[in-house]
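Got some structures for you, see below.
Paired with chain B in one complex and with chain C in the other, chain A is shared by the two complexes that follow.
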Partner chain A sequence: MEFTEKQVGAIKFTLFSPETIRKMSVIKVTVPDTYNEDGYPIDGGLMDQHMGVIDPGLRCKTCGGTVHTCPGHFGHIDLVRPVLHSEFARVVAVLLKVTCSSCSRALVKKGAKDTFGELLSEDELLAQMKKTKKCPYCGAKQEDIKYEKPTTIMEGKRALLPIEIRERLAKIPDEDLELIGMDPESARPEWMVLTALPIPPVQMRPSIILETGERSEDDITHKLVDIIRINQRLDANLNAGAPQLIIEDLWELLQYHVTTYFNNESANVPPARHRSGRPLKTLSQRLKGKEGRFRYNLSGKRVNFSSRTVVSPDPNISINEVGVPRAVAEELTVPIYVTPWNLEECKEMLKRTEYPKIVYVTGKDGRRRRVMEKNVEELLAALDVGWVLERQLKDGDPVIFNRQPSLHRISMMCHKTKVLPGRTFRLHVAVCPPYNADFDGDEMNLHVPQTYEARAETEELMLVERQIISPRNGSAIIQPNEDHVSGAYLLTRKGVKLTKDEATRFLGAAGIYELPEPEKDGTYSGKKVFSMLFPKDLNMEYKTRLCKEVNECSKEKCPYDGYVIIRNGILEHGSMEKKGYSGLILEKLFNDYGPEVAREFIDRSTKMAVYSVTHFGFSVGLENYKLDKKTLEKINEIRDKAIKEVEGLIVKYKNKTLPRSPGKTLKETLEEQIMMVLNHARDSTGSILREYFGQDNTSIVMANIGSRGSILNVIQMAAFLGQQAVRSKRIKRGYKGRVLPHFKIGDMGAYARGFVGSSFMKGLTPTEYFFHAAGGRESIVNTAIRTARSGYMQRRLINALQDLYTDYDRSVRDADGNIIQLRYGGDMKDPMRSKKV
Partner chain B sequence: MSKKKEQFSVFDHVLVPKHEIVPDSEVEAILAELRVESKDRLPKILPTDPCVKALKAKRGDLIRILRKEPTGEAVYYRVVV
Partner chain C sequence: MGKKLIDSGEAVGIIAAQSLGEPGTQMTMRTFHYAGVAEQVPTGLPRLIELVDARREPTQSLTDIYLEDEFVKDKKKNEEVAAALEHVSLSDVCAVTENFAKKELRIKVDTKFAQTKGITVRDIINKIKEVLGKSGKIKSKNDQILLHINATYQKLRRITMKVKSIPLKGIKGLSKATVVYNEKTGEYFIRAGGYNLHDLKKAEHVNFSRVYTNNVREIEKHFGIEAGRNALLKEIRQVMDLQGLTVDVRHIMLLADAMCSRGMIEPVGRHGLSGRKSSVLARAAFEETVKHLVNASIEGEEDPLNGVTENIIIGQTVKLGTGKVRLIMRQ
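What follows is the complex of A and B.
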């Protein structure tokens, strides 16, 4: 392909003069009709063949081209009376304001003009002119000019006729126009009052033929019919010498039609409607807005070789894979270039009649043909080097998988195709976080790269396993979660012993077909079984989440199994939990052994963990949160003590004996202390619950190992919810002096200001329920606002940064070659490949 | 008060990196190294910038900024506009 490098120096928009309109016009349209009874374009009508053809077989009378070759040509209408161009009405009004009503000179003192233009900005100059009441040239008194939407300009109490406006504008001398800020060469003001109207080519407004065989005209054609009709009627009435009143009515009607022809949504104009009552889509509507030419057709291009459907989970595929429904795989294709080396292979492929078959072939002549039973023999004989075959998508093909909103680069990643039955895309659950995907009905898009270069590039740069570490902070974003963590913990707890049979099943689930060293009693320890997932030379030591941070770390003798020691790929001490399993170990594997090893670890360990969690059984239910009477009393005691304490604080506050905190008012001090007391009370129930539930309660286990939930969730279910807050303050707005009519005016006690003393187990009282809803609403509103705001910020950033690139010398430059950063990021450091600190 | 003001140098501040005017003899080599045809392509710095004032740099001068960052030392160039 050849490229020409040219720089756009400037773009100039100018007005059409009536002469230009007539000069470029190929025909004067006079008949307000389109086709005759035979369905043939009427000469001099709106579908005149001089303006181009849309019916196959006909030829353009201007250029002789056919439907495919004729680009279309403009025609024109001569308006018998001028009308204002509605989109320029405001400008026209300004021009009339700054020029004399009788001599049309700019309202600036003689001589002062030259210096004026330099001294004042254009806006200031215009403002001055508008204020001038007497013409400095002819001394004529200037009446007030007022613009009334859409096309009326009032001088004093009289509406100016377009004819008068045109005359006045035409009289403005060129030099005065330059002073006002117009270029008389390209935009004489009188051209804003139309005397001739260009008629767009037929191609721009093709008629469509309905099933009934009827022709249906484009909205723009309809509008033009209206304009020509009124124009003719006005002409007839003028020639017949009709009364002024009738003339003016028709004139106004012509103005209306021309106005709506340009913009059918202009203010103070009833929109022109179709017979069905639907407003017409005229010129402005074609371009404007989300569905307009710019946003819909120019910025918003649609692509081929893509697919979209619902996603659902599949823990059995690799994180590198995406499950593609058979139906989708049969539709999408990948091009294969025939070379001397794959010619035979290609012949075999072309012979196939079932699923991974060739759908299209493109020969050397560049013609694309569909492969069918009847032409396959012919194609096979002709098949040669240089042909391109389009093969159906099959296992292993790299594709780009995406979920909107595509906020960061890991919203689009390369997956390897895995054709599966069903109708949904299948996704490994560990890859949900980068896409922010869940399976409550989310849909995702899939794109098939169409060249070998693109395939290689997607695989090299975008493959999921290479994105395990987030570029944000260097920690893993694709990681085992929830049940995976629980499963790994259950397997690696202290004293887990498996029989040979069980161990085989665990390893088999992960695709490992050898056994570790058995213990002396012939069993296999869970830790050793899990260790089979590690590389043989892995050595690590770290404190886990289970670590209680006692005075002295007893390391391998840790009673909670909270200190992990991995020696030569064997987990000798400690259990798996979120921090090690999904963090430290995974990141070490990625950094020291590479993405493939890390991916394999995720693939295998999650499968083993899922098997583990089903093998040992792990469930949560109401039983997890039931308390006995004694514990309940203990908790209620803490709660009631806190409430008493709050009352005490309020009394102190009322007696003014409460010591004021620095930088706060007395009231703020009180609120702060109340919040502190109540939150502390809630948090302190945690230890009681931990003690009561013990370390085997599944909910506590999950909170400890970090697989799901926190101790706060347990507290809120079993003990009480605690203080509800709006804007991190106690809730206080509502009725006068109280939030709800259930409280006394001025009551500042805990319960009156949003303290919830019930647990989710017990159930909330009506007032507590209200407070809880008020607190919950805040977070919902916040997320709504945050997404809107960050979305707009993101849009502006993308627009500002879209043509910056990193050059081969690793400097960041813009499209003109200006250097933005001398080294990418200032230091060339990639957080994804940097050590965490 | 005014005396104190004169004694203050922006470069004494911990957060202000070292600035220096690049001698004209070196400019050409630097532009070649950065692969730009003229100084206009480089990042800019205002003549009102306190560092530029302190250096008494003129319009068109190339300023070299030596930054010490947690990730290492970085060299940056800016042209006074």
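What follows is the complex of A and C.
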């Protein structure tokens, strides 16, 4: 490992002067061609070996390096007539506008004052100069200067030639440039008119050899060929004394090629095209945009020591762990630095022939060698302090695990390796929420940190257990889910009694080998068994989701077991459900006892919960949603009453006796009321279903304890789906006066406009199915649009705020040290640690 | 207390941006409806984007107006003031048709509707006279007003536009004022579409110190940057609350403070915060790559390499978090 000792302090951006271009050039390119028939680079051509080599076996004629060692060198072309650099043309026009056409002095003298006697600011000066029509130095009258895209500058009615422009710019004195706001040291204006053009090294524009053996040149090389060719023709014509018209035509053509060489998408310029008709990708296009140099290669970097495969769940590993397939573990390596203290250990490792073994060694000479049976002895003998061994990944190694899109920092967390058979990464289901992962084919990435610093930081800062609390709002994001919650609820319900044998199994599943106090009858209560997971001094009291919000809370006498009391680590009253189990308790453990305790609680309790779910049995089937005749009739009655009501509203609307709500048309009022009536009808079936199914129906239980689904899901399966909506309104588009040809024209009734009166159990009629699909499509389209929009917003937010940090005084500052907040958040508290519990 | 302090060097900006951006994918795009005032008030993601853009003209502005203390519980008075505040222009109560051949404008007053707004035909004629002066002849009969103007067609069209936009009453910019009952305080207030704090200041019976608009730029303009920052904070919080998303205030505060850090509300993006960064590389890597490189070279700009993007680009440690700490060895 090399350590960089030098840092880049700053980067200055300047223009090249023609002298600099020639000085740094290693060759003047004169031949508009690349390779000869034998496939060798032509001397003086665009692939001249002075500018670097891309073919193996050849050596650079400038530095003598090979493909791997030569960094490439610039060449140049001398343009026989100067041309404007298209990207600077606008600036050149401004400069000509603010300087005298005959003496090239700035059109306002330094120290100019406004009508109030105040010194003019830079912007005011410029504005003043643009308006001045007479030179304050030589008194020459100034003609109007107009810039026409892309490279034409008109003076009055005459287009200025680049030669004239260059002469004028060259005459502007340095002090006047400073007045205008330019830095003459780094950018003399005449340098914006090109007389010499740098040719980038071959490495920047390598040619590709196609399967046919043909060479295909880079777009930039193509463009350079064009430039040199026209440059030569212009030269020949000049020397032959050709008529002015021809010269100007060629000059114009040279300008066109140089313009498109820099930017092939500039306005008012037809893009230069490849033989195939595809526009060429020239310099600007290389830098720009998402796939450009900046965003694709400079801001985003590719890495080694990484791996990607499908993820699958494993409730038996810790949340801190990740199951890594053996095949992956054998491929990825961790460097070990040989020191006097681990030399013997390293020797032992090097001798190994089976996993985990040493794959590579790097000696003091910096040469990296693969360890093979043949050379083990030799390497063992030479092994010494300072060597680096690369060992296969093994259990306990910290790795960074990641799932895209990486929307927040907990999309990348540190897990400890656990090598497992199989071909997928395994992760604990409780860590799914931060990654937003599921197991329907999701793939995730794994990175192995390669230095001790990196390993230490990933372990200390990024380890899963430290991310249990989300920095977004201070509440738990790594939490027991779905079946975990169901399992914990089943165990901690009122009156759960376990035999000693059962209790042992429950606790054993969680890795606890003690028993709690038995009840008087020798059984063990579920609550006490679950309490074994709590620290012995945990005290809590809270209302759960099961709480019915009755007028007066009866606390420990709550008939729904909705009030939790934990005294000295014993759950005395109340049952576990989402709010407490996955929220309050977890957060309390994290805040008061630390990440390790919280992690252990998740690890153990989820295992116990999974055992609990399998012990008690918890499944959902058609039986959950079957209604008897009486209940079905009740529901149908509600539904039909609502439909009658809708019809009543429509009659009122047609009679114009419907009272109009303020700010709305009559029709809007009607639509709004219909929506209200129908939605209310659907929601009101909830209580009937609850009553009929009782508290034992698994689907209702899940909705109540918050482990999965809601009462709406139950309603839609057992009662009816209700009104379908597009853009929050009843569906109305389709045929003239009706949505589908199944209805009468002008029918405004519930069924004609997207009301679904069937349940998923019963099945939908064809028209209902259509309406449901229309509503479903809208939500799919919305999701697609939303992801794109919110993605861009997040990119902008990140870019705007990324440099902000808290300083040692807890003030928030930006990259330049400007204060954004005097105290972070007004109270200097960390959102992650400051949620009130 | 000490345990809960934020760590020094923490990249709080990135955390705030992520905390605000990540829930964006979960937000709805539906618009909100204020009865009687405005049809489509954006909520959720579109509204958040609007706020972050610091738009001068949001899709739908609203203004809440409370009356002076003695009238605040008086529904009638509220309705009176609401009617007086609502802006009515000539084209709201009249149909204007041009007759180019006769060079005249035919203005038909919707008397019934005008009456509800408390406007008579006489009022309208007076207003037209006021605006046009002597340039036209006015004849009127019942609800018809005939305007004869001797001018070119183009001028006639221009005058039509002018006539149509003649303000008859109310405060410019405020439309559809309705009275809303605040159940919590037992007070009434007027909710109007649009905004115009400048003219509201002079409005009768209005308690100007309680006027609020959801247009943050308007608030900034009239009450200064601190008020603007608080309005921005309040609005973003409201978006999050309405969506049922919990985001710590500190993140929102940081965004609001960053947007207001230069004494004006600047948008997040290339025309605001990101566009004014001191680093050339950071700007070039964000948007408008070529423009930034070209301008930097002309001005001979120097990139001090203090930010995140710049250091990633050149492959150096980013000066945040653990990268911020430096050790100096004693010689």
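We take it that the second predicted complex is superposed on the first by the 498 of 837 C-alpha atoms of A that agree within 3 Å, B and C clash if a C-alpha of one lies under 4 Å from a C-alpha of the other, contacts with A are read in each partner's own complex, and residues count from 1 in each chain.
The rule is short, and it goes like this: contacts are C-beta pairs under 8 Å (C-beta built on N, C-alpha and C of every residue); 3 or more make two chains touch, one makes a residue touch a chain.
This structure is a prediction, so every number in the text was calculated from the model and none was measured.
Judged by the touch definition given at the top, the superposed model places A:Arg370 against neither chain B nor chain C.
Contact comparison for chain A: of chain B and chain C, C touches the greater number of residues.
After overlaying the two complexes on the shared chain, residue contacts for A:Lys829 are found with chain B and with chain C alike. Of the two partner chains, chain C is the only one touched by A:Ser661; chain B is not. By the document's definition of touching, neither partner reaches A:Arg308: not chain B, not chain C. When the two complexes are overlaid on their common chain A, residue A:Asn818 makes contact with chain B and with chain C alike. In the superposed pair of complexes, A:Leu298 makes contact with chain C only, with no contact to chain B.
Overlap of the chain B and chain C contact sets on chain A: residues 807, 816, 818, 820, 826, 829. Residues 34-37, 40-43, 67, 69, 71-72, 74-77 of chain B are the ones touching chain A in the complex. On the chain A side of its complex with chain B, the touching residues are 807, 809, 811, 816-820, 822-823, 826-827, 829. Against chain C, in their complex, chain A makes its touches with residues 4, 7-15, 87-88, 91, 181-183, 185-187, 263, 284, 287-289, 292, 294-295, 298-299, 301, 407-409, 457, 461, 471-475, 661-664, 728, 782, 785-787, 789-790, 793-794, 796-808, 810, 812, 814-816, 818, 820-821, 824-826, 828-831, 833-834.
By the touch criterion given at the top, residues 3-25, 27-31, 35-37, 45-46, 48-49, 52, 176, 178, 246-251, 253-255, 257-258, 261, 268-269, 272-274, 277-282, 284-286, 289-290, 293-294, 296-309, 312-314, 316, 319-322, 324 of chain C touch chain A in their complex.
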